[in-house]
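Presented below are the structures under discussion, each in the form of structure tokens.
Each of the two complexes below includes chain A, the first together with chain B, the second together with chain C.
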Partner chain A sequence: MGVLRLENVRKSFGAVPVIHGVDLEIPSGEFVVFVGPSGCGKSTLLRIIAGLEPVTAGQIKLDGIVVNNLEPAERRVAMVFQSYALYPHMTARKNMAFGLKIAGLSKHDIETRIADAARALQIEQLLDRIPKDLSGGQRQRVAIGRAIVREPQLFLFDEPLSNLDAALRVQTRIEIAKLHKLVDSTMIYVTHDQVEAMTLADRIVVMNSGRVEQVGTPLELYRQPRNLFVAGFIGSPMMNFLPVDIVESPRGRSAVGANGAAISFAGAPVGPATLGIRPENLSVAADGQGFIAGTLVLEEHLGEHRLIHAVAADGTELIAKLPDGPAYPADANLHFTFDPRHTHLFGADGVRIGSTQEQGTLEHA
Partner chain B sequence: MSEIAKFAAGHDRMTKRHWLSAETRASIDRVQTILVYIILGAGAFLMVAPFLWMFTTSLRPTTEAFNLPPRWLPGFDATLESYQRLLSSGVPIGRFFMNSLTMSTAVTLGYVATTTIAGYAFARLRFPFKNALFVILLLSLMVPIQTTLVPLFLLMRGLGLVDSQWAIILPGLTGAFAPGMSGVFGIFMMRQFFLTLPKELFEAARVDGSNHFLTFWAVALPLARPQIAALSVIIFTMTWNDYFLPLIFLNSIDQMVLPVGIMSIREPVGNSSATSEVIAAVALSILPLLVVFLVAQRWIVDSFVRAGVKG
Partner chain C sequence: MGDVKTAGWFAPQNRKETIAGLLFVLPALIGFVTFVAGPMIATLVISLMKYDLFSAPTFVGLKNFQRMFVDPRLWKAFGNTATFAVFAVLGNVGLGVVLAVLLNRRMPKALQYIYRAAYFFPSLVGLIFVAVLWQFMFQRDIGIINYYLGKIGIGPVSWLSSPQVALISVIILDVWKNVGFAMLIAIAGLQSISTDYYDAARVDGARGWRTFWQITVPLLSPTILFLITMNTIGAFKVFESIVVLTNGGPGDATRSLVMYIYEQGFKSFNMGYASAISLLLLGVIVIITTIQFVLSKRWTFYE
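So, the complex of A and B:
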């Protein structure tokens, strides 16, 4: 088991509210990632779930039982910290055994659990070393081992890969994904790295300023972001946002871009809106074609593809992700077009109106 | 010239000694090192000289005690006469020694235990008026020890503890009136150390099911070993050397401790001709401190180096 339910969870530090009423249900065995920019409240929410921070209001239920006033150990949660938080004076074995001894397990059970976890994490040969004598990756594994041996209902990870180098981060990420399959427990993982979120999560919870902006599978968030914030946060490089005006025209309601090109939206309200296009959906059109024009600012060649940074006449910054090819001349005036099936329209309030996939077509004049 | 050599040469020109040859620069470095050693050596000699003089004088006849220039080394004609005279003088130096040892050990153990716990509480626990209490504690540093002496004396007299080592040990146990050192020092030192430990360490212990006491005992205390060693040495030394409190509270020769007891040597032995015996007694009295320092120096240095690194 390990069904977590948050009901209108609020948290304030003094008079400053940091979590503004979060409702969330996480079924048993699910891998959920909290993602958001620094200061969005994701770590605070994790610490509230862990029992390290009291809630100001609302309820936290684990398997239907309100656990607001229970200590972390009573909630049967285990946590892996960003800084590993291994006890520096204890060997890896003692680090893993500490919680089990407190729980009153027999020596035999403790040894068995440590041996099983060490085998799964391939740290058997490290058990008698103290943290100082372990590398960052090894420490992280011991920290994960310390969590596993307690056989918790809920695994909590607080940015566990932040202190690792890029290569080790990818490797450990894969190991955490394998671990989830192995232990099949509910896991909540906090990160500001959307790649970790996209690759690890069954569902992602996008947070901003103490509020949940959207909950969904990684592809749902990528394909159907609920608002401008989610659209901008998920996807790298971030989505391009073009300010447009939806107007009545002989072709119905549409937004008119450069060169007379227009994209029509059947159900969109008349007025200002934002058109979102991911960099990978932008392409460079022939002169005089395309929906928007911009002056080339920077071209980054990344091997298999390149990133074109341009700025439109109204100051809108554009990024296009194109297959690698010959460089454009400096300050070139580029015209961009896109596949209308992969665009997103957001109203003046920043909330998604729909995607042109359902309701729009791009027509060049 | 390779690109790397060119770069290295260019970098070298940028340094201020680029016009000097490599040999000259090496010579300058050598001279600088020698100068540093000479200065440090002179400093070290100034520190060690009084001790050296004391040990040498204790091994010489009294008549040579104030010779100028002083003798720094005992020489082949060294004699244990002063020690023999001291031990046969009837002064219960052994009793003084044991009294000092008992008192200093008891005060040190009590002081370190209570200030460590208090330091941990101020650093890691949440309780009402924590900051206000800490400020009051710091303010108490401003109260001179002499102003509290009379009330303390009256208190101890009321308890019937005057002329008993308990008069010094009891207030010392909590650092309330530790000889020469306020308890606030220990609390402050340990609090500052516990504050440098990462918060996550304590949270990890909490997630593991540990309560405050177990976290203190199993996590915080082992990490504080260097600080505890340093604090213990400081308190032991201060208590061992304290003259003021024993002079006030202890009267009988049975209760006397070394610093006050040594002064009484002059009486039975006679007069200023007892200088060698006094010096021999002082030499004996600092031996335990030397042992404590030698044993604990690694931790002491470690504790101060860490304090420096962590700011």
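So, the complex of A and C:
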């Protein structure tokens, strides 16, 4: 129950295409997060799945049945909106009962379901209040409750945490994860926050400009980003991108950095490429060593670690995440090195060529 | 800021600011005193007098108010006005909201503008002109309405000369004239309702009339209350359209309270009695508006 399949789903608003053909299969019970910058089409795709927005082309299948022309209620989906969209003139209880009444459930069944959901969400004492008299976090729970009582095949969340303050966001995130274990339904969750995506998802769908850039588990995306976009989007602070030139050398194909250091890539084509290194994989080398040199711009101390912001001679901005330690002098000239096994190489077209995990070696001159 | 002034308005340190403030509100104050407060106080005073505009007023106590109880024409006019108010408000607000919902749906922009303009247009035309126009339309023998009714086999209706029908004609004119304004306000109200509620209702399985009654109407309730209040006040003061259309006739069948006040004051020169009826009208409007606001707590919802 709850297997969702998208086949070449396309959507245009007027002449403007916003979804360019998405293929996706979500098995039953999976927690999938759509993540991407604003305007990437993730919310539109969610609304298409919900049945709130018709597709321009393609098919949406639930458990093998095409549901393109079914209303949301007929698809047995439930949705939690960013604004919660609780009916302001109804108490929490009536908000939760509304859909059940329409579905024709008996009074007894409605009461039982609401009582069960209220207990699970710890909102029993709020049931007779109207939304205006609830805090943001409480409204969020009621909105989730309204989704739970419908016992849907598919839970849809549209940026449900973005209206909460930071502390509440973390807490609610954990509760949504618990909820998924509890109800065992398929869940699709839209967010622009990659931390939410990483922590909640079984699989993440990274979207950009109406296209799916990559689908994978959080760690796959982190370790093997398919292209520059995914590499830059997943991980915080963002991955460093160094423009390099792959040249033929006596040691094979390699990129040459500062101080004569070279990193070799056996499988890479000759020509311009981008070397990606995550801030947590950079470290400061002794003077005259290292692959990149840069001038210190800013040092941010976060307690357990610090972020070093530097700018290389060619203008490339660098961020390194280092264990905390004594501050560097202002404008210090720093040399950075890295473990070549944790680098990512992208071709001129932005597509991943391969990491150097097997073949790469970094040699200092 | 912290410098809350505790001394009086005219304490030396505050005097300058107070005078400046008073100067700023002076223009509005002069208008209010001349055109609102002054006439109201005068009405109150005159209602206790016998005054025919020509000889000096004489004090008669509550006699003018006692007279109301034994004046059948007053109660006829009062009944007409109340009937008119109920149906005009129902027509204007009910139809206005329905039109707003219909014209707030997805349709070609041009069509939407044409329809909205068409329904709103009568609100822009002078009331006297509208009434003259409808006078022609309502004519029994040469009127355009009876012409088309005749085509479908409905006999000529005495729109303006039948005591039973004339008040209906007045109400039709009022709704035709004012429904566009109610529609416009209702459209503004509808557009301020977040589409998320409609999405949520669709996910819950609500459609059509259920959405209208359980989502749209409650969320539009503050706007509806505003429309009911404004239309009720307007309806109780109805005057010009009836003067042109039926002049209160046949008999007193369409005479409104304001028409009766006018007749008593400026035709029969009973200024005292006319003032007393004005106060009755004021009292009725205040009471009805208060009741509406008290009751509205049970059915209006503010987000």
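As a convention for this text, the second predicted complex is superposed on the first by the 365 of 365 C-alpha atoms of A that agree within 3 Å, B and C clash if a C-alpha of one lies under 4 Å from a C-alpha of the other, contacts with A are read in each partner's own complex, and residues count from 1 in each chain.
What we mean here is this: a contact is a pair of C-beta atoms (placed from the backbone, for glycine too) under 8 Å apart; a residue touches a chain by one contact, two chains touch by 3 or more.
These numbers were taken from a predicted model, which means no experiment stands behind them.
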item: Side-by-side fit of chain B and chain C on chain A, or clash; value: clash
item: Chain B versus chain C as contact partner of A:Leu168, first or second or both or neither; value: neither
item: Touched partner set for A:Lys132, first chain B, second chain C, both or neither; value: second
item: Chain B versus chain C as contact partner of A:Ala85, first or second or both or neither; value: both
item: Touching partner for A:Val256 - first (chain B), second (chain C), both, neither; value: neither
item: Touched partner set for A:Gly99, first chain B, second chain C, both or neither; value: both
item: First, second, both or neither for A:Leu70, with chain B first and chain C second; value: neither
item: On chain A, positions contacted by chain B and by chain C; value: 50-52, 71-73, 77-79, 81-83, 85-89, 98-99, 102-103, 146, 150
item: Residues of chain C touching chain A in the complex; value: 194, 196-197, 199-207, 210, 214-215, 218-219, 221, 301-303
item: List of chain A residues in touch with chain C within their complex; value: 47, 50-52, 71-74, 77-79, 81-83, 85-89, 98-99, 102-103, 130, 132, 146, 150
item: List of chain B residues in touch with chain A within their complex; value: 198, 200-201, 203-210, 214, 218-219, 222-223
item: Residue numbers on chain A that touch chain B, as the complex places them; value: 50-52, 71-73, 77-79, 81-83, 85-89, 98-99, 102-103, 146, 150
